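Here you go, one structure.
Going in written order, the chains are labelled A, B, C and D, and every chain counts its residues from 1.
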Amino acid sequence: MSLTYHLQVVNLLAALLLLISFAMLSQRRIIGLVTLFAWQGAALALSTAIVAWSTGQHHLYYSAGLTLILKVIAMPWFFYRLVKKLDVDREVEPMINIPTTMLIGIVLVIFAFNLALPISQMSGTVTRSTLGIAMACVLLAFLMMITRRKAITQVIGFLAMENGLFFAATSASYGMPLVVEMGVALDVLVGVFVLGIFFFQIRETFDSLDLKHMEKLKEH
Amino acid sequence: MEIYWVLGIPLAGGIFLALWGCRKHAPEINALFSLLTLVAAAVLTARIVAEGPMMVGGEGWFFIDSFNVFLVTLTAFVAFTTALFSRPYMRIEQEHGRLNAHRLRLYHSSYQIFIAAMLLALTTNNMGILWVSMEAATLATVLLVSLYRTPASLEAAWKYFILCGVGIAQALFGTILLYFAAEKVLGSGGTALLWTHLNGVKAQLEPTVLQLAFVFLLVGYGTKVGLAPLHNWLPDAHAEGPTPVSAVLSGLLLNVALYAVMRSKVLVDGALGNDMAGNLMMGFGLLSVVLAAFLIKRQTDVKRMFAYSSIEHMGLITFAFGMGGPVANFAALLHMTMHSLTKSAIFFAVGHATQKAGTQLMDGIRGLIKTNPTIGWGLMLGTIAILGVPPFGVFASEFLIITTAMHEHPWATPFLLLALGVAFASIFGKVQPMVFGETELPRLSHQPALAPVFIHLGLVLMLGLFIPPYLAGWYKQAAQLLGG
Amino acid sequence: MTESSMTQFPDLVNWAWAGVLYWLVLGFGALLLQRQRRLLTSLVFPLGALGALFMAGVGLVGLVAPPSAVILPIGLPDLPFHLRLDALSAFFLVLLGGASFGVTVYAVGYFRNMRAGPLGLLVLWYHLFLGGMVTVLLADDAYAFMVAWEVMALSSYFLVTTDHKIPDIRRAGFLYLLIAHVGAVALLLCFGLLQGGHGDYTFNSMRLAEMTPFWASAVYLLALFGFGAKAGLVPMHVWLPEAHPAAPSPVSALMSGVMLKTAIYGLLRVTFDLLNVQIGWWGTLALALGLLTALYGVIFAAVQSDMKRLLAWSSIENIGVILAAFGLTLIFYTDGKGALAALTLTALLYHALNHAFFKGLLFVGTGSVLHATGERRMGKLGGLIRFMPWTAWLTLVGALAIAGLPPLNGFVSEWLLLQAFLLTPGLTQPYLNMVIPVAAASVALAAALAAYVMVKFFGVVFLGQPRDPALHHAHEASWPERLGMIWLAAGCALLGLFPAQVIDRLAPVVRLLSGQTLVNDGNWLMLAPVSAERASYAPLIFFAVVAVVLLLTFVWVRRIYHGRVRRADPWDCGYPEQDARMQDTAEGFGQPIRQIFESFMRVERERPDPFDRHPRYTSASLDKLWFLLYEPIARLASWISDQAGRLQHGRIQWYLIYSFATLIFLLVFVTR
Amino acid sequence: MTTGILLQIAQTLLAILLAPLLMGWVNQCRAWLQGRSAPPITQPYRTLRKLFHKDAVIAHDASPLFRFAPYMIFACMALAAGIVPTIANDLPFSPAADVIALVGIFALARVFLALAAMDTGTSFGSLGARREMLVSFLAEPALLMVFFTASLISQSTELPIIVETLAHREFVIYPSMAFAAVAFWMISVAENARIPVDNPTTHLELTMIHEAMILEYSARHLALIEWAVALKLFTYSALGIALFLPWGIAAQGDFNALPLAILALVAKMALGGAVLSFMEAISAKVRLFRAPEFLGTAFLLGVLGMLIHFLLEV
């Protein structure tokens, strides 16, 4: 009985994740984006932890912890500093205007649910129904990367995508084997580190993080 | 145990060079580590030849069979020759003031890490670790692409990072789905992602999941293979990075990515029992070949042009793997080898040529045969080889691929014919004036390191006329393994 | 063949590839003594010539010997090089050896005083070229064939671009290699269809493979395209008039005389040997294309003003004639008229052999002229018969032979072909009976135009007044050059005078392909293909009579009258001041043809205007096909590539959209 | 056989000797038709004798080819005359060269004439050579077509056998031969440099073809060429006779028919010459660039003849 209760919480968190993804899609200011990203991480960590507790999959605690440390504390903090330091919190009109993006987003969600339906039917986990949501988060993050024009927003989109992936892993199969989780986490960490270097390089070369400076390499 | 050496040496090299990479002799140390890696790989290969496929580590973290062992050897070998080439090349770059000692340190250590990552990707038995190491390989090369810190190189690196990152994320999703399907058969836990275990039970894996998984894996790893239309990062990264990096990128990284795709294809084929995967790959391959051929036609930058030619050849290989069957798989594996050797040789020659002319624009490079005959002939022969003219080995594989295609899928051959024709006209038409003709440039001052070029071309030539039995044996086993 | 001969020639093919090996050794040896030009020319080339002679010998034996095969330990794992020497290969081996012996002897003299860079590489390519061609003839599996085929193309490309400083020559070489490569890919596809599918590429398995008419036709068309591209079949002929003039003359001689024939060989091999079903319309197609090529070639030859270009076009014409013969053979063969097929096949092979000799002779002749004068434009030559009589008279033999005049060899093959036309009545398809007369007419027309072309060629280059004072210092060809030319000229004469013997030699080949042989009803000095009643030709008697009458007349005139001669200025209707510029130039001589056939060509004229200080008039007749076919293709290709380029416009968002769209599409695709 | 050889030689000599006579006869008829007083019929012989006596004048830098050509041309024509059956039908030479070879002989002679004309490098010489080749490149295949029609009928390219079939088998009307006949007439007019294609009596730059080529020749060389020309005319007439009215030519080895044959020959030649001169008299010289059209028509008729044969007579 309690299982269902936890399950409801997890589902709630899943819905929250989806909501946050939409919010990020519509968020113009980068600071706000970073905050939302942190929240998303928190929701992810929480749901992972609950799943771990309710199903006794202990290794999930590690990944929950990793998520908490990396995506809720380390990276947002890092991004805050970055945004402040590079002073890039200006608003940029996305390529596609917000309402249209929203519409596309909804279509994507429906698509993702349909896609996930047959799979979640055969899944043995308690959290199967959330697989569709995870997939939706991934696609929405992808959409966000497409529509945004600043380097940082793209990276946040990228990380949001990873959140979605983690969530998928948890919900579909109580997470990946620990080694893999660790490896992935390591990669993400390194990735962000590399990005950091990058931002400064880009900044000092183009003195802006706007992607419109980076459209020189093409077929002319 | 050799496997640990194979992985450990480059890793150690990476760390060592990260610490002491500013020293004067860093390039030599780099080459030395690569040499050691090559030796270790050779020993490993010998062991496999002697004892056949083997699993190493706990529940078998590493798995070496005839498919990946020759890729390991190839990787180690090309890595070594590239290190040899980059030794004088990077020195000259430094003299030209395009680099400083610190960047060289970064270059050398990332180079070793990159090699380590690729070797890990090749040898690991765990699809998850495979993903991790692919990502690691990407991360290791991102900063190499932007080594010159020019706006262009930064842009290229950025695109490389984002596109491959997104791609690799898809691959991760695919891996998750794979695991999801696997754990129901193998139970959860580490072993459920071991390729050998999966291969054992592939018939019972859930088809609907696996076909989704394959889509994600194909799109993900396909991005790194450079399949059209996911290829857009590739020409930029090749053109803007330092030449040795271009050489290893198109000579090795693309192979490794394709290796990952193939490992998943085996599983999917087993599960689905139809040739959905094969058809998808054929489609991608054909599209890449044609698109690349027509894009080659409009290039002005020599490295960019050869980057596109890499896309073309990867497309051809993918197409061949997609056709399946012992002959086609054999041909594809052969073509992988030939392309790595030839293309890296070409990049070596091109590197010296561009360094000489001070530009990568082909209009600026003329009459190499006068300024430096060896570079000229190296480039000319390399180009002829990559264009699939016998007696070079690329022709051998193209021969098999095209004849098989004509026999199995005649509808595809007009496209191949068209693409090959256009590619030939474009590349040869652009290279010929670079090599032949008059020029004002003075003769090359320093002695270029052309040994690698001619070693590679010599190998390619030999393999075109004679493939040693044991090598052929590998190919055959691998072709069997990949199913046909 | 009988057991005795089986024991007699156990391993002929081994001798053949040993010869190839010998050439390779020579070639790579030449690399070592890169710079000793004297040694290279006066040692390596003669040795190479010996090799050629040896090949011819092997071929002669091979004509009568049973087929012999060998498997070399190189090639692909499951596909080592299969080599086989049967009558067909042997015949072309004779052709190759015979022609290239003369040419290589000539090369000794030619390259000795050719001003060019280090010779070593050139010698290597030269011998690779020879070896490649021989291997093409010997190959008995698709891989060996293709490798040899492309080695041949590649080495000849490097030979063509020997003088790569000149942009036009680079362009010519590029065009040549491109068309050769496209043709080669077509051949790949052809072999891909022929192979059984189980990765067995040996010709033996292909011979056994059963094919539906549809796929057989596909094979045939691909072969026609692939080999046609190499042979210079219209409309794939454009490379030929560019590449032949660009190459050093001995190379042009080999390319035109021998290399084009390897394409004919391949066509015969695929159509009659590998395919085991032939269809009538193939023949009609080949006949039509052949005649088109012949007329197209000769018409353009008539309007050329560069002597080597002229010869190149005439090569196109001859290839056309050969292909017409090929088509006719197919028609008869599929129509069950074996005897006629044998006749046309004989004509085909005979003409191929002849062309190797006289075209080789003419090309090396132009080579000597080039040496002596450094000039290829006929407008700047003339009167050379006075300064280089050897070259002139030997070239005259070649010119008469190629013009198809008795008693030289060109006439024999033409005669045989025309006989074939006359023996046709009663083909099963009535439309063929209509085609035949027209075909005969066009062959005759081509022959007559060839005479026109040759009069122009010889007359403008060797006769008349020197059009340039510098020509007075033109020096005669060196002895090796003369020897080479003498060999080739002798070939033309002997092939013309002893047709009966030649046809006996050809019999095995003809039997191999058409199942029947041509019965010579005549005796050793008379050629009577079907029956002496129908037709006969005895060149020896012919020659004897002409010679005797000529001598008698001479003696008689000298005896009864006198031999007094006075020298004076030419009379020319009493026109006082004559000079060299008043003779017909090459353009002038070709002008009537240009006027008649102007619709085939794009003529670009440069007319002087009345106030010109130094008025000059030039006109060039260009190949219309180039503008109608090739340029549109090039434009189309670049248009497509522009469209493709649009996809890549640098915005990372778009790239993301691409992969996003791909992902979605695939997901929909697999879950539909 | 020996009789055959004797007959062969006799016939050849006869042709060589009679040729100028025919030429003279044609000129005479022409003169009559034009209302001039005619030169004696033996005028060509006198001209030849005169020319043979003269000293040869040769351009300074004429090559040996120039002096060799006349003999060559004469020899070719002699051989041609030897092949064509004029009076008798068994000719040992004729297997040596059939109709195709005959065309070859004419071509050989023509090429040498053209080359010799270009040798001295005068403007007229090369002009003549060019025009001659222009005429011939259409006339030669046309002639071949005519022969083909005949030999398709008689299933042979051997002239004696053709004559045999046409003359001594039962009489059949061959429509194809009608076309052939017209074509042959046009060709022989062109090949023998007669009006309307060329005018043997003019040295007018604009019109002359044949004369332009032999301008530089004099004395014995000129004589040989003139003789060869006469011989050519004779051979063509003989050919026409053999192909289109062969009746009267003696069959294999009946010698009794010979006298009759000679008479028949003389009669036919006389008639032919008369008709030729008559046609010349009533027609005008066409412009040079009409010549290809004229010969093109001949060529076309030849081909048509063959087609007709395939249509109606197979």
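We adopt the following convention: a residue touches a chain if its C-beta (ideal position, glycine included) is under 8 Å from a C-beta of that chain, and two chains touch if they have at least 3 such contacts.
This is a predicted model, so every value here is computed, not measured.
Summarising the inter-chain layout, the chain whose CA centre lies farthest from the centre of chain B is D. Rounded to a whole number, the gap between the C-alpha centres of chain A and chain B is 31 angstrom.
Centres computed as Cα averages put chain B at a distance of 79 Å from chain D. Here the spacing of chain B and chain C, counted between their Cα centres, is 44 Å.
Each chain gets one centre point, the mean of its Cα atoms, and the points for chain C and chain D are 36 Å apart. Residue positions of chain B with contacts to 2 or more other chains are 158-159, 162, 166, 208, 212, 235, 295, 298. With touch defined as above, residues shared between interfaces to two or more other chains in chain C number as follows: 644-645, 647-648, 652, 656, 663, 667, 671.
Counting partner chains per residue, chain D shows two or more touched chains at no residue at all.
Chain pairs recorded as touching, per the definition above, are A-B, A-C, B-C, C-D. Chain contact summary for the complex, chain A toward chain C: residues 95, 111, 115, 142-143, 145-147, 149, 154, 211, 214-220. Across the interface of their complex, chain C is touched by residues 158-159, 162-163, 166-167, 170, 208, 211-212, 214-216, 218-219, 223, 229-230, 232-233, 235, 276, 280, 291, 294-295, 297-298, 326-327, 369, 384, 387, 389-391, 395-396, 398-400, 402-408, 410, 413, 417, 420-422, 424-425, 428-429, 432-433, 436-438, 464-467, 469, 472, 475-476 of chain B.
Chain C contributes residues 644-653, 656-657, 660, 663-664, 667, 671 to its touches with chain A in the complex.
Put simply, chain D touches chain C in their complex at residues 52-53, 55-63, 65, 71-72, 74-76, 78-79, 82, 93, 95-98, 100-101, 104-105, 107-108, 110-111, 114-115, 118-127, 129-131, 133-134, 136-138, 140-141, 144-145, 148, 151-152, 155-158, 161, 203, 205, 215-216, 220, 224, 289, 292, 299, 302-303, 306-307, 310, 314. Those residues of chain B whose C-beta lies close enough to touch chain A in the complex are 126, 128-129, 131-132, 135-136, 139, 142-143, 146, 149-152, 154-159, 161-162, 165-166, 169, 172-173, 175-177, 179-180, 183-184, 188-190, 192-193, 206, 208-209, 212, 235-236, 239-240, 295, 298.
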